[in-house]
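Two complexes are shown next, each including subunit A; its partner changes from subunit B in the first to subunit C in the second.
Presenting the complex of A and B:
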């Protein structure tokens, strides 16, 4: 581990932008979103006030550069884009020709990735690369990407990463890990690519005082975390609660809008559409050409559970239950990892203010 | 192969949705090449004869004569598709459904006695079976072209039933409801418009009508918590899809 003066962060940025699209935090419409940024775009000094169903950005007193917590976006928007072309096709009387898209582009460097999102990224890798068939576009984007992780100085108001065992300190899964201190950043390389970036920086040795500051900051962050989930009886609690009356109560409030799933860094569901323009149809030659497009979808969309003959999840109650059960139970069996990393996004960005931590707790109530 | 015969019909409406068809521009030549336009008053004088493979129906039913006309269109048509808010939910003119029609007649016309109209403006589906409904005020040209293409390919059109929020989040638009407490109808409104309003920092006002299973009362509770009165909330819903939003509020179904 080494130390970098805060004002030298821009040198790290400079090295990155030559070879990568640097994706990091930036303010848009009063919200910290992720976009391609330059170092001065980082909203240093801003603080976010989050509640269930509410988000406000204010200029605060905090001295840190990364003074804010995660907004609605995550790496997911870039590694698994919301709308992407899978392939172009052209079918004729005798054959179907398929053309793969070029998803190569300039490699991505994610800066300021929180510990919760690194846990989510591990799940994503299992989903898109862990099976017999790999997602080729995801693979090529992921392979070339750099993860520059960051220990949280402050938790968001809806965070509960500690309960889920994912944060607030970054443990692994990074190319470079940053820890922000008063006057400097601690840096650690996790891969050879990360080490190469550090080699060109003028770094200082870490002192015992720095390490003390680091642990007291982690303590402070933990102390400020307001939310939690008791995990000792998961996933069993969910399996025992499939007919709990609480699901009905949630269904009264739930808007079935899908916002929670779109902001969740572990939600990966999507649908495919074959998009054919009128110009792509030639009945005389019996030719059809178009594209297969993938779009983020959600278990909250009615069509998502429609199969031949009907819909196997016809009620809001069933849809919310499916969502929470997938997060807190089924993913353990599916991927051996929790499907919720405690980032709190679904709580903040739910218009109805439905709070997963409170709803799990309510399932524990005796009926 | 014979080109499928298509008819475009207008009931009570502003013609805007028929114009969306003419607005296909790049695809217009393909459209007339692929379909035989058997009836379309905006484009040709050709009188209506014979059967139709597809009827695109714009506008709501608001006179006695329209009531029998829509039945006649249905009888000669294989697939009937409604286009736009008026045909699909009764339109802005359905605001009269919640008032006394004579009051309106007297307020608007110098000789109210000569006005022949029904007391309510109703969607096409109140009168005949509708195969597909395209929402929007006006409809999206993309959805129109997708639906016409689907007919030729013999597949179900991919008309979204999910919320506008889904489309909004895909576009990465900072949420107006969460970050500004704006009364955005996105969570209960059908996707399809391409997120026109939130992209311009305006809350959604519901041109595409209620999404499938819209939980309107829960959203209005949220608006009331941020200071809107019952009256303000009702006004939000009483626009070009007033009938559909009101119906969705009272519809019984599994929550």
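Presenting the complex of A and C:
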């Protein structure tokens, strides 16, 4: 582990920008989002106030550069874009010509990835690369990407990563890990690619005092965490509660907007659509052309489980239950990982203020 | 290997009308490399794609040993209607094969009971044809029993009717219809396919069961067979859910924690019985 003067962060950025699109935090419309940024875009000094169904950005007193916590975006917007082309097709009576899209582009470097999102990225890698079939676009985007992780100095108001065992400190899954201190950043390389970036920086040795500061910061962050989930009986609690009356109670508050699935860094569900180009249709020659597009979808969509002649989840109660059960139970069986990483985004961005930590607690109430 | 998220072209070799609303079509994969790499097991399915209309998951109804790659389709909506309009020489798209098929290796030393309801016969026809072919090749144990129970709505809805005489060579075949049409001569049974369990005698301790049909029929069959002493690990069902990607990424086919597209569609009853009783899972 080495140490970098705070003002030298821009040198790290400079090195990255040559080869990568640097994706990091930036203010847009009063919210910290992720976008391609330069070092001065980082909203240093801003603080977010989050509640169930509410998010406000204020200028605060905190001295850190990363003074704010995670906003609605995560890496998923870039590695698994909301809308992406799978291929273009042109079919005739005798053949279908398929053109694969170019999903390579300039490699991505994610800066300031929190521990919870690294846990989510691990699940993503299992979904898109871990099975017999791999998602080739995800693979090419992911392969060349860099993860520059960050220990949280402050939790968000809805965070509960400590309960899920994912944060607030970064343990693995990074190319470079950053820890922000008063006057400097601690840096650690996790891969050869990360080490190469560090090699060109002028780094200092880490002192005992730095390490003390680091652990007292982690302690402070943990101490500030307001939310929690008891996990000792998960996933069993969910399997036992599939008929619990609480689901009906939630369904009455739920708006089915699907915001929670959009902001959740582990939600990966999507749908394929064919966009047929009208100009390319020639029924006589049986010619059709267009593109197949993949779009984020959500288990809250009414037609998500529809088949010919019926719908497997016609009620809102069942759709909400599907979401929460997937997060807190099914992913353990599917991928051996938690589907909820404790980032709290679904609580903040739910316009109805539905709070997963309280809903789990309510399932424990057997009446 | 090839990318299973991208369709390849397949030519319609022939089509055959089976009943008033079902037909079988034989497809030939155009690309030679894919044709060589393409291997399937009975119980697996393909996504058939009519450009401009869409895709539908359809079981393979032929045996891997058959010369032709067949699908048997019921006209249900957009895609299946478009498929029904295909003629020999037409070209469609195809992705696959997907999923886990029937565990034929477990059938080696056991008696085999096939239970089909409606178009559930399609993926089981693949098994029947396979058993027929391998039986002819191996002249296997004559003591092994093979039974095929099949229920259709009415006599007119019996698919593959012309093939049953051949299956009778090695299967004990029992047919039933929900409702016998008074105008048509019918000497088989009437009533649900589960009623046929009373008509056969079999040793539940050494019988392997494959069931495919409407979910409620599979659930009832499973329960009945367990009551008759068949171990729940020896009963297999083929589930149906919304299929979109076919490769375990899109989330549409979730049945509780199961991906029907890749963990199934064929499941051991013991794996999913607990989930089957839960509404809207």
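Note that in this section the second predicted complex is superposed on the first by the 367 of 367 C-alpha atoms of A that agree within 3 Å, B and C clash if a C-alpha of one lies under 4 Å from a C-alpha of the other, contacts with A are read in each partner's own complex, and residues count from 1 in each chain.
Following the convention adopted for this analysis, a residue touches a chain if its C-beta (ideal position, glycine included) is under 8 Å from a C-beta of that chain, and two chains touch if they have at least 3 such contacts.
Since the structure is predicted, the reported quantities are computational estimates derived from the model, not experimental observations.
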item	value
Which of subunit B and subunit C A:243 touches, first, second, both or neither	second
Touching partner for A:312 - first (subunit B), second (subunit C), both, neither	second
Touching partner for A:296 - first (subunit B), second (subunit C), both, neither	first
Partner chain(s) touched by A:53 [first = subunit B, second = subunit C, both, neither]	first
Touching partner for A:263 - first (subunit B), second (subunit C), both, neither	first
Touching partner for A:18 - first (subunit B), second (subunit C), both, neither	neither
Partner chain(s) touched by A:255 [first = subunit B, second = subunit C, both, neither]	first
First, second, both or neither for A:7, with subunit B first and subunit C second	neither
Touching partner for A:30 - first (subunit B), second (subunit C), both, neither	first
Subunit B/subunit C common contact set on subunit A	274, 276, 281, 288, 297, 304, 314-315, 317
Subunit A-touching residues of subunit B, taken from the complex the two chains share	1, 3, 24, 26-27, 30-31, 34, 145-146, 148-149, 152-153, 155, 158, 160-163, 165-166, 169-181, 186-188, 201, 211-215, 218-219, 221-222, 253-255
Subunit A to subunit B touching residues, read off their complex	28-31, 33, 53-57, 72-73, 77, 82-83, 248, 251-259, 262-263, 273-281, 283-284, 288, 295-298, 300-304, 314-317, 348-349, 351-353
Subunit A to subunit C touching residues, read off their complex	86-87, 89, 91-96, 98, 100, 127-128, 131-133, 135-136, 242-243, 268-272, 274, 276, 281, 286, 288, 290, 297, 299, 304-309, 312-315, 317-318, 321-322, 325-326, 329-331, 333-334
Parts of subunit C lying in touch with subunit A, wherever the complex brings them together	3-9, 30, 51-52, 54-55, 76-77, 80, 90-91, 93, 240-242, 244-245, 247-252, 254, 256-257, 259, 262, 278-281
